[in-house]
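When the chains are written out, they are named A, B and C in that same order, and each has its own residue count from 1.
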Amino acid sequence: MSLIELQDVSKIYRLGSQEIPALTGVSLTFEAGEFAVLAGPSGSGKTTALNLIGCLDHPTSGHVIVNGLDLGTASKKALADFRLQNIGFIFQSYNLIPVLTAAENAEFTLMLQKVPKPERRAKVRKLFVDLGIDGLENRRPADLSGGQQQRVAIARAMAADPHVILADEPTANLDSHTAEELLELMRRLNREQATTFIFSSHDDRVIAQARRVIHLQDGCLADDLTISK
Amino acid sequence: MLFTLAFRNLWRNRRRTLLTLSAMVASAALLILALGVFSGMFRDMLASATEQYYGHLVLAKTEYHERRDMFAHLDEEVASRYITAEDTEIIGISPRLRSFGLISLAETSQPVELLGVIPEREKQVTSLQTKLIAGNYPSEAVNNGALIGQGLARKLKVSTGDEMVFVTQAADGSIGNDLLIITGIFATGDSRHDNNLVLAPLGWAQKIMVLPGRIHEVAMTLADPMLAALTADRLNPRLPDDVEILDWGDLLPEMREVIAAYDVSRMIIVSILYMATGLGILNTFFMSVMERTREFGILMAQGMRPWTIRGLVLLETCLLGGIALAIGLTCGAVMTLYMQQVGIDLAGYITPVTYAGGTILPRLHAVFEAGNFYVPAGMLLLVSLIAGFLPANRAARLDPVQAVREV
Amino acid sequence: MKTIRIAGILSTLILSAIILLAVRPSFALDVEALVRQVEQQYMGASSRAQTTMLVKTSHWERSLEMEAWSLDRDYFLVRIIEPAKERDVATLKRFREVWNYLPKVDRVIKVPPSMMGGSWMGSHITNDDLVKANHIEKDYNLRLIEETDTYFLVECLPKADAAVVWGKIVYRINKTPQVPEQIDYYDEEMVRVREIHFDDVQQIGDRIVPMRLTVLPLEKPDEQTILHYRELVFDLPLDENYFSLRNLKKR
């Protein structure tokens, strides 16, 4: 059984009486331990696909099956609980809650999972070391650089041990050097800890790092390449 | 951590939060002060009605309560038969003989109500001794010393030391008349007492009315006037059928209504004032929620339940309410304390107003009453919750997909 | 108050006597004329009376011996002789004012307007009775409502602007001798609240007068005031100086 399975998924947004198809008949599967990128120009449906995979949104038609569960008609609460246990999200920018320190941000999902405080402290400390941001625990997001913020976001996403981490253009707002470092970090985590990463990007340098590149064009699957290195 | 998050969120827009907070503090504090002053006013009114005339409980023949029939008299030792030392809530007992008659000085005569009292006993029930503007309270030493009101003194153009004649119909049909010497003049602010009431020694009154050893009523004071009705209910079964104890609520039904109405108007005042405060809270939190749309989206994406989001916002409003309450209660208590200890004298601007059987004195003076604190406090928290609910609901119902797009 | 009552009674008596004397020759009786005549005949009259007043209430009963003087209808003085405790208590009426003298405290007290409705000397006669009894024809419209072989019935209804205490007064006057028999007083709701009965008709000099009158407050059936004239003398040489405050105090 695949970790994630999209079966003939379509998503149509309605803007007043107008229907805007964002995804049309996409079928995809992802296995555990993948490091995949959804590529394509903006408006091609990358973010929509990530949102559907991440159970933030319901498809208009078709099925999204994550970890064996189809949450097609589940309630917002059920979706939230599912995300909490299974999905980690990293957004393009401003991922962090500005009033919480870096460590508190990273602990947040653990707190929601009701993990006891000492345990989540320990876990986050270790993650911060792993991610090279140890020593920044008590800084507020405003006092962190863009790359540091994204690392904290990764820490938060990883803290809850999700089945998959979804990252929507995680490097878009970073300079190329920092972006490369971040990508390198994600690759290392994927390699060493078998964390599954699916991210979207339109940056060729990012795409070049991926082992699987799924091209989307106008909401349709254009290409699905697995690159062996 | 939710609590930490809520607390820190409060101070993200420090100025806005402080403004809202100060509005809440001001409304709570001023409300507490205003209610304290209102209570002080009612306490004055009740005191004027009870401590200047009736006392808190009055024992008399039922017939006397109804018609003031001068022949419905009692033995002057009646109280000692029914009230014992164990009735500790009764702190003053004064037997009285009442006579309606005419006070006269040459050409001027005034109809008056004369109370024959034992001065030392009467002082335990009424507080006219604290309202003296001239002379002294009658004492046992002068057998025909009288205390009269300021209005009566003015009408008769008399002062302390003057003699005047009291004329009344005695119980044997004769014309009871004798001289009184004015030992003191009181001013309560209640024109009915100031213009009509005369206190004279009980023995003198009994003699002039030809009612030796008899009284009309026993006025009593309680440690807590609010327990008067309960005490009356407890004592009445001990009494013979034709004797009855009435409490001040029976004697002054308007006063009882005023006090009951006060409880309602307190709620109304609190509601109106807090409505405005509530709108301020509502506005603040709506803005705060709108500004944090993306954050809520991210929190939702992390797996935060809608109800937890709602709880977070409500926690913020309640925290603000709690802080406002702590400061507001403190300020309110301090101001009330000041008004209780010092107060503001308005005697130069307004005259006493008599209403519902009591007199509202020309002063602002507060008293502490539990209800004046917990009603505003409880209501402030309630208002915070209600005002927080709409923004909280809005936050909880955000679509995370839309929300994370907001920057 | 009793004194006042007495004055009223005296007036009535005198009126009656005068009526008896004066009216005899007239045939068709005009009430207005009769009253006017009664009034005029009363004017100038003076009197002295020795009376006993018996007051009975549900709580006590007492008897007062009194001496009274009157002049016109505006002056009236009465002094208690017995009981000893109240000896020399006196009431003076001059026009519409009433004073009481209290020998115990040696003070003269003017009855204030608010007390005019009060009882006089503990009786069922009010201070107002003393003052207003003799102004009937000024404050009321008189009308003969019934005439039989033996009596006249005269109804008095208050004039529109009159400040009066009664809603209606009805006089029943005997024809021969022409003396009042009964007066009924009605309150503003036209409920009869008081009756005065006259009896013991005697000849005093050249007048015929009922020597006893009984006041019955109808609201208190067991109470009454009886005023009995033991001695009555008319046309004494009194003038208004006699009815002075100084004389009120004189023992």
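The definition used in the following text is that a contact is a pair of C-beta atoms (placed from the backbone, for glycine too) under 8 Å apart; a residue touches a chain by one contact, two chains touch by 3 or more.
Every value quoted in this text rests on a predicted model; they were computed, and no experiment measured them.
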Least hop count linking chain A to chain C through chains in contact: 2
Reference chain C; chain at largest CA-centroid distance: A
Innermost chain, taking as reference the mean of every protein Cα atom displayed: B
Mean-CA-position distance for chain C and chain A (Å): 117
Centroid distance [mean C-alpha coordinates] between chain B and chain A, Å: 67
Computed distance of Cα centres, chain C from chain B, in Å: 54
Chain B - residues contacting chain A, complex: 1-2, 4-5, 8-9, 12, 294-295, 298-308, 400-401, 404, 407
Complex contacts: residues of chain A adjacent to chain B: 51, 54, 56-57, 76-77, 80-85, 87, 89, 91, 94-95, 97-100, 104, 107-109, 111-112, 156, 160
In the complex with chain C, residue positions of chain B that touch it: 71, 102, 104, 106-111, 165, 167, 169, 171-175, 177-179
Sites on chain C touched by chain B in the complex: 55, 57, 59-62, 83, 85-86, 89, 100, 102, 104-105, 107-112, 114-115, 119, 121-122
